[in-house]
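Each of the next two complexes has chain A plus one other chain: chain B in the first, chain C in the second.
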Partner chain A sequence: MMKPRETFTQYTTLWQEHAAARKVSSFIGEINRRGYESTLAAAAAYRPDPMGVAAAAPHALLAPDYGVNIFGVATPADVSAALRCGMTTINSLPAIFANDTFLPSDELESNLPAGVTVCPLTEVPAHLEEAVRKALSTDSPAAALNAMLLTGGVLVHIAEGAELERPLQLVNIASAATPMLSARRMIVIAEKSAKGKLLLCDHSMPDTPEHLNLEVIDVHVAESADIELYDIEEGTAAARRWWHLNVHQDSHSRFSAATIFLHGGVTRNEYNIDVDGDYAETSLCGLAICAETQTVDNQVTLRHHGKHCSSRQLFKNALYDASRGGFGGKIIVEEGAVFTDAVQTNRNLLIGSDARMTAAPQLEIYCDEVKCGHGATTGQLDERALFYMQSRGIPAAEARNMLTQAFMADVIDNISYEVLRQRLHVLVEKRLSGAAASCDACTAGCHTLKQ
Partner chain B sequence: MTDEINNKAKEDDADVLSRATSGEYKYGFTSDIDTDVIPAGLSEDVVRLISEKKGEPEWLLDFRLKAFRHWLTLTPPEWAHLNIPEIDFQAISYYAAPRKKASPKSLDEVDPALIDTFNRLGIPLEEQKALSGMAVDAVMDSVSVRTTHRERLAELGIIFCSFSEAVREYPDLVRKYLGKVVSYRDNFYAALNSAVFSDGSFVYIPKGVRCPMELSTYFRINASGTGQFERTLIVADDDAYVSYLEGCTAPMRDENQLHAAIVEIIVEDRAEVKYSTVQNWYAGDAEGRGGVYNFVTKRGLCRGDYSKLSWTQVETGSAITWKYPSCILAGEGSVGEFYSVAVTNNRQQADTGTKMIHTGSNTRSTIVSKGISAGHSENSYRGLVKVAKDATGVRNYTQCDSLLLSDTCGAHTFPVIDCANATAIVEHEATTSKISEQQIFYCNQRGIPTEEAVALIVNGYAKEVMNKLPMEFAVEAQKLLAITLEGSVG
Partner chain C sequence: MEELLKVSDLRAGIDGKEILRGINLTVRPGEVHAIMGPNGSGKSTLSGVLAGDPRFTVTGGTASLNGVDLLALSPEDRSHEGLFLSFQYPVEIPGVTMVNFMRAAVNAKRKYFNEPPMSAADFLKLMRQKRAIVELDNKLASRSVNEGFSGGEKKRNEIFQMAVLEPKLSILDETDSGLDIDALRIVAGGVNKLRTDRNATIVITHYQRLLDYIKPDFVHILYKGRIVYSGGPELALELEEKGYDWIKEQVDKE
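Right, the complex of A and B next:
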């Protein structure tokens, strides 16, 4: 049995052995080196969380001996054929991450609004290099390891006052013949008063063996900027995902994120939000429908440094069969962050007889002029509501689905982008009725992506 | 009798003001009693020496030695939200007993200085005996000095005595239950206590007996530089009932004192135990110098069907509190309750809460925790609600509120809910707020000074828990709240 720390150091050793032979640009090389140093530090400081969901702990996710694309070999993919996933109805600007290689589409390149730059991290314009360096985080285990293994990645830069009105849709596809770790990085920099929507979809090819997607997203929301980020996961049971969102918010900014888990294996979502400015707004949502032995663990750390900020968190899980759910929510109100208004809610439906839910909603408050609350519940559907519906002729199974859907509805209703919201209602309904989610509607679906 | 108590309550309320102005720790004095102290340090020899001094049987020495050897392999826990200065466990003397000529037969034989100490603490034995109908097992520096009302209890078959006496007279009972709820392997401080525990209380309520009075102990740390390692064991047999009170006050000291106690409770079929604590160890001065480290392991096992265990605590003292009174709800339909008020002021740190471990079906638990922080203090609630896979029909309700009285203090909530059964309903709710300016203004407008208004509002806020305390304690606890928070306003 590997010690928790060794699960990290197996990759640092691997990287160190091959570092000299790699051919990367000096900019990427510098990031890799920084990631290497940070990973060593993170490994030394790593302590497993005794209360967390064991299967979704970082060391458990890293334990298998994954192959790493250390030389940055691009995964060949036919972009135009792969872009028609179920989300295209929402009129997005699509692009693909094939494992760890970023591939923009013609649609994206020809329709980018003025002031918006979308490019691989290997081709960052010189004037943005410093901003990228600053935004790219390496201070968490996920971000450190990701930076070390980074070969591509993508930068989304929205200049002052510019707006990315049609959402940028990134379809992440895991496709490999052997167990593989893919390090994906997305850096979003929204300058003053910029606006943008981003949609991420995770897929894995049906025949891909156990694979780990190490996805890190760094977002900097400058003064009065507004960023919305949505993430939909539809992987296979072989998928392991370690997703880390790192956000910095300046004054009067708005940021909202939602992670929707519909299919997958083991998922760990980390939210690390720092609200640095005053009068900022933050909204975080999560929804997971887990069956079989699927595991979803959402870990939120939200730090309020600024004054007069408000934050809302809403995380809901429906756990069937022997699935496992985890929620760790931490709101930290630093000294001086007066007039903070923070609310955190976690609701769980425990349906399967072998399902298990672990929730740790936490508050750390160092300031008195605040309004903070959290609530967590774990329970079942209301028997009386079920009875009511059955007495009106609705079969029990259908009544259950309807009530579960209603339970999930308010998470989806939090999503302000209407086209996506409607689409998600349909996806959740289909998921609950047992149908495969979006991909069955796909004409040239990404699951048949040609190698 | 009720009138008397009410009158006393009124006087006490009036007292709050005068006490509030004095500011110093009320119970900070040292009594001059010859104490029998063994040299500082901890080794296998010291463990043997303690056991020998107490004339313990072989099996108890074995228990201590096993615990000591296990302790050597452990390191102090670091997971709590506490900043604990490093403790030199070799600099502590592990045994201090008031020197005595023979066991006292009546009050007259007790050392007058000791009697005086208790009088100044506000627990005159005679008065208490006559007035409140309580049996007081006064523990001073580890050895139980005197037990009252013993005979009356003995008639009912109730055993209420010091731990060392129980070891001598009821070895079978002690051996049967010792370490069954809190194993010496449980944690660092439990291991330490198991190795060096000096004395404590033992309570056994036989089948079908309802204890007619509130059983009570007062702990004090007295001799300079000695730690106190109490061990309490309460057993309520089938259909029994007992209400047990524990109160703590410690004299003012400059150096930190370590208090690592263990409380074990076993509740059999349909029995009920109510355990109430008012903890007021010395908290250190305003700059955080001195004060007691209170690292306590308290746990009850509701082994019997339909048994009930209720913890009520009012925590106002100690420089550092690390304490999680817990219930293991193993019996079918057993009930666990935890009501807590924790107040921290100046530089105090408290990390306290509970664990409700539901392993039996149809078990229920309620947690109500009220944290109040002022000054530069840190106050954390830490809790665990665990529902085992086979425990069906479990119900839990948790409410933990925090009240912040300054912009430099901290109030934290760290609950964990681990639910593995699909028929359980578990709820957790927490809020954090401060006393609003409107509330204070309203009181001021009606002639109530700000400091009193704060005491009033805080007492109202904590009422839900205070109501769970026995009458005598409720009065004392309300006073303590006001005293602890004095000087924290404005």
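Right, the complex of A and C next:
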């Protein structure tokens, strides 16, 4: 058995051995080097979290011997074939990550609004390099490892006052014949008063063996800017995901994120939010429907530094069979963050008799004159409601699904992008009624990246 | 005449405590039976057991509806076979709209009888017709089931559901509780409109009041888990006048 920190150092050693032979741009090389140093530091400091869900712990996710695209070989893919997915019918501007290779669609390239730049990190314009360096985080284990291994990645830059109205949809596709680790990085910089919507979808090709998606998203929301980020996971049981969201918010900015887990294997979602400015608003939502041995662990750290800021967190899990759910929510109200208004809610349904939920809500408040609340509940479906529905002829399984869907409804209703909201209601209903919500049931036939 | 409901020596309890201690009851099509009795006599247990409430455990006896063994069926199949329970305390189901709830109920029954789901237009028409029977506001259709409904609206909603499902046997469990006189008249009026010579109703009530509106053919007195006295409508009036004490004395003496 590898020691926890060795699960990190197996990759630093590999990287070190091949660093000289890598052919990457000096900009990427610099990021990799920074990631390498940070990973060594992260490995040295790494301690397993005794409260967390074991299967979704970083060292558990890293333990298998994954292949790494150390030489930055691009995965060839037919973008239009890959995008025949149902989710692309929501009027988005699509692009894909084929493993770790970013590929924009023609639709995206020909419809980018003025002031919006979307490009691979290998092609960052010189005037934005410094901003990217600043936004790209390496101070968490996920971000450090991701920076060391990244070969491409994508930058989304929205200039002052510009708006990305049609959402940028990034379809992440895992497709490999051997176990692979894909390091995907997205950097979103919204300048003053900029607005934008982003939609991330995770898919795995059916025959792909166990694979780890190491996805890091850095977001800087400048003064009065407004960013919405949605993430929908529809991978296979072979998918492992370590997702890390790192956000900085300036004054009067708004940021909202929602992670929706419909299909997958083991998922760890980390939210690391710093509300630096004053009068900023933050909304974080998570929804997971897990069955069999699926595992989803959402870990939130939200720091309020500025004054008069409000934050809302709503995380819900419906756990069937022997699935596992985790929620760690930490709100930190720093000294001086007066008039903070923070609410955190975590509600979980244990539907399967072998399902387990681990919830650890925490508040750390270093300031008076704040309003903070948190609530975490874990329970079962309302037996009275179930019997009432059955007594009207609704079969027990269907009644359970209707109640579960009702339980989830407020998370979806929180999503302000209407087209996506409606689509999600349908996807959740399909998921609960047993239909594969995505690839398997889809008739688009994009199961091969190349036609 | 054929028997719609036949209950023989039915025994049931909760948490190991026996509540029904041998119920015998026969209901034929077209009949209205009232079951009365003091608090704690087992009235709601009887209705719950017949509907398949999982809180109760049947320990003996039989119950059949149209010759079908009720006790062997799931609650949903009892509903499909024609049993309806109007709840004393209708359950609030946040997030499930009345429309979706009723559509699921209607189509589940159709599926049970190998019929295709009802078309959207037919379904809306059915809802409109049945709402009229209990003057249920259309606005409630888009609301969550019973959530935020007044006491009267909840009971009218029960009778509305009964109208939609067209049961063979309806059990109204304390439908009069919490109703003002106007709501009582509407609810009772709805029940009377749904009466035919092919269906039957069991009215469970504490008071005579409801029986002024829904006229029973038979009145049974339930006490300590048994039907201890059966008679015609005049028995309800006698109870109203004399209370339950004379019954208790008579039974406890034996």
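Quick note on the criterion: the second predicted complex is superposed on the first by the 443 of 451 C-alpha atoms of A that agree within 3 Å, B and C clash if a C-alpha of one lies under 4 Å from a C-alpha of the other, contacts with A are read in each partner's own complex, and residues count from 1 in each chain.
Basically, a residue touches a chain if its C-beta (ideal position, glycine included) is under 8 Å from a C-beta of that chain, and two chains touch if they have at least 3 such contacts.
Computed from a prediction, not measured in an experiment: that's the story for all the values here.
Participant: Taking chain A as the common reference, can chain B and chain C both be placed on it without clashing, or not? Answer clash or fit.
Facilitator: Superposition check on chain A shows chain B and chain C fit without a clash.
Participant: Write the angle, vertex at the C-alpha centre of chain A, between the C-alpha centres of chain B and chain C, to the nearest 10 degrees.
Facilitator: In the superposed arrangement it comes to 70 degrees.
Participant: For A:Ser25, select first, second, both or neither according to whether it touches chain B, chain C, the two together, or no partner.
Facilitator: A:Ser25: touches no partner chain.
Participant: Please indicate which partner A:Asn91 is in contact with in the superposed arrangement: first for chain B, second for chain C, both, or neither.
Facilitator: Touch partners of A:Asn91: none, neither chain B nor chain C.
Participant: Chain A residues in contact: does chain B have more, or chain C?
Facilitator: Between chain B and chain C, B touches the greater number of residues in chain A.
Participant: Check whether A:Thr178 is in contact with chain B, with chain C, with both or with neither, and answer first, second, both or neither.
Facilitator: neither
Participant: After superposition on the shared chain, which partner residues are touched by A:Asn111: those of chain B (first), chain C (second), both, or neither?
Facilitator: So A:Asn111 meets neither chain B nor chain C here.
Participant: Is A:Tyr388 touching the first partner chain B, the second partner chain C, both, or neither of them?
Facilitator: In the superposition, A:Tyr388 contacts chain C only.
Participant: Can you work out, in whole Å, how close the C-alpha atoms of chain B and chain C get once everything is superposed?
Facilitator: 13
Participant: Looking at the complex, which residues from chain B come into contact with chain A?
Facilitator: These residues of chain B touch chain A: 81, 384, 389, 402, 404-434.
Participant: Using the touch rule from the top, collect the residues of chain A that touch chain B in their complex.
Facilitator: 51, 335-336, 338, 348, 350-380
Participant: Quick check on the complex: what are the chain C residues that touch chain A?
Facilitator: 51-54, 74-76, 78-80, 84-85, 87, 90-96, 100-101, 104-105, 108-109, 112, 144-145, 161, 165
Participant: Once bound in the complex, which stretches of chain A touch chain C?
Facilitator: Residues 382-385, 387-396, 398-399, 402-403, 405-407, 409-410.
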